[in-house]
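Below are structures written as structure tokens.
Same chain, two partners: chain A is paired with chain B first, then with chain C.
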Partner chain A sequence: MPSYKPFQPEAYRPRMSPFWYLDRWPYFQFIVRETSAFFVVYFTVIMLMQICAIETGVGAYAKFQAFMACPVVMVLNVIALASISFHAVTWFILVPRVFVRHVMGNVLPDFLISVPNFGAWLVASAVVAAFVLGIF
Partner chain B sequence: MADYTDTVILEVARFDPERDTEPTYESFEVPLRSDWMILDALNYIKDQLDGSLGYRWSCRMGICGSCGMMVNGVPKLTCETLLINLAPGPIRIGPLDHFPVVKDLVIEMDDFMNKLQKVKPYIVRKDDYKPQREFLQTPAQLEKFHQFSLCINCMLCYAACPVYGLEPEFTGPAALTLAERYNLDSRDQGASERTDVLSQHDGIWACTVVGECSNVCPKHVDPSLAIQEYKIDATKDWFKTWLMPWGNK
Partner chain C sequence: MAHTQRSHRPVFWVLFGTGGFLVAFFFPIHILLSGLLQPLHLVPSPDRSQMLTLLENPLTRIYLAALLIFAIWHAAYRIRDTICDLFGIRPLDEVIMWLCYAGASAVTIAVGWLLIFVP
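This part shows the complex of A and B:
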């Protein structure tokens, strides 16, 4: 009688690297999109500081302006603007994935959902720019 | 046209559970034929070079969902991926990410099967109505779930999902999509029975919308959309229970 040894294989169970987001560009894009949300908080804080300075008086506002003109803050603002732009663009592209697309029994194409978001962003930016540049 | 040689190198993951502790990659030189898919090259290796290579395949036409593998780090159906498109190589073939590896390119799919069973991916009827003929549906009713019904359970979406890799408890894209497919079916009455599995932390709410499940899906099912649709429905239901508590009575 042959003696049988039961075959009990042990499967290899892979573990994800802590740097998994560097493996593929879409993962890296996801991580950058998520972390760039930090700058939304940053801009909110800056805006609150600005409102506070306006409420306090002319001297406080001048101080705030001097703070914003500081090279470090300007560099930070450029990084924040780039990050928030990336965040907005990637989210607007993703909107068709997070939006119920069935309207009156029809399925809306992706661009019909994304494009209005980009349009609204452009209009809002144009209005803000008009105020800042003194057109209004 | 690039100047290809007439062969290409395939780096194929090898893992023998009786001998190895982790997979290694072995190189094989295969003919570079313009009409060959990756699966044809694997069949060539199995037939001509090394008969011990283990991998799953069946239909060879993108229907059975058996031959999903990582091709150069991206989950793909190997029966639909042209070899020549990846020339001059080398082309790296591995088992689907995030699943235990049984042998070479064969993964253990028990976890997926258990999760699939939990979401009741079939029509649930609560009444005792025994139809005398088939349930009729309008084209609009069919359109609501048709896209999600195209899932072939190939598990590429699980291999693409970093959430599943980091949190194996996550129900995962395909199972959630199939649950939503039946929830949206006008013949189904089992949505409330699926709620516990779908609305738990490891269900829809674990999804962080990476979106790669939809990008790699060979049938364009769009699991990410199904999950987000269910999130919206679950949120609406939650608000309804607060605003109209009498509605559940």
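This part shows the complex of A and C:
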């Protein structure tokens, strides 16, 4: 008996390279932005350590400051800053894609919605800096 | 008609979206100051007693709690999908989701402990 079948239904499984994000520039940008989440976890833990050190005492806070000054941590911080800033910029540019932007029947241009975010970013940063640096 | 389960993604997407805004607005300045400029002594570093006064203010605690809790849920939502896409292991999504959300829950409890219960 022949073992053939009239047709062989199979699930369609597109083959994807494990390094698919290197194929195209937008894919690479996508994965770079997604990995910013790992640095969010990293710096959330750092901020918890800082809060814990401040609550514990003078010695603990001095230890925390020494830890932050060690070169490996500083390099990680530079990468985290670059990564999360990239997240911030792309996030602000995306805002017109998800916000209602019809005003009296007209569609507002994208920049009118994304540009104010950058202004708010500056103001927020200035306020946080004033507190962290002890100016207020 | 068969029972269809509704996705719980919208709930976590709200946390992701809010966290995305808070992270974008506030994380870069915290990393720049505490992570780079203060360790390099390029800007003043207030001593522990000044920082404690700042931390004892209820408004500071509300700000930090909101920032850190939304940030960790933002990261958990994104890391879940990033791990699936980066390594091509979408079939394990359920397991990865539970791991990410368990981690975020643990950090949420830690934030609560540090900012609410410790005087």
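Keep this in mind: the second predicted complex is superposed on the first by the 112 of 136 C-alpha atoms of A that agree within 3 Å, B and C clash if a C-alpha of one lies under 4 Å from a C-alpha of the other, contacts with A are read in each partner's own complex, and residues count from 1 in each chain.
Rule of thumb we're sticking to: a contact is a pair of C-beta atoms (placed from the backbone, for glycine too) under 8 Å apart; a residue touches a chain by one contact, two chains touch by 3 or more.
Every value quoted in this text rests on a predicted model; they were computed, and no experiment measured them.
Of the two partner chains, chain C is the only one touched by A:57; chain B is not. With both structures placed on the common chain, the touch criterion links A:87 to chain C but leaves chain B unconnected. Comparing chain B with chain C, more residues of chain A are touched by C. After overlaying the two complexes on the shared chain, residue contacts for A:24 are found with chain B alone; chain C is out of touch.
In the superposition on chain A, A:40 contacts chain C only, with no contact to chain B.
By the touch criterion defined above, A:16 lies against chain B and chain C together after alignment on the C-alpha atoms of chain A. In the superposed model, A:97 makes contact with chain B only, not with chain C. In the superposition on chain A, the residues of chain A contacting both chain B and chain C are 16, 20-21, 34. Looking at the complex, you find that chain A touches chain C at residues 16, 18, 20-21, 31, 34-38, 40-41, 43-48, 50-52, 54-55, 57-58, 61-62, 65, 68-69, 73-74, 77-78, 80-81, 84-85, 87-88, 91-92, 120-121, 124-125, 128-129, 131-134. Chain C makes touch with chain A in their complex at residues 20-21, 23-36, 38-40, 43-46, 48, 50-52, 54-55, 60, 64, 68, 71-72, 74-75, 78-79, 81-82, 85-88, 103, 107, 110-111, 114-115, 118.
Those residues of chain B that touch chain A in the shared complex are 15, 17-18, 20-23, 73-74, 97-103, 108, 140, 143-144, 162, 165-166, 208-212, 214-215, 222, 224-225, 228-229, 231-232. Within the complex formed with chain B, the residues of chain A that make contact are 7, 9-14, 16, 20-21, 23-24, 26-27, 30, 34, 94, 96-102, 105, 107.
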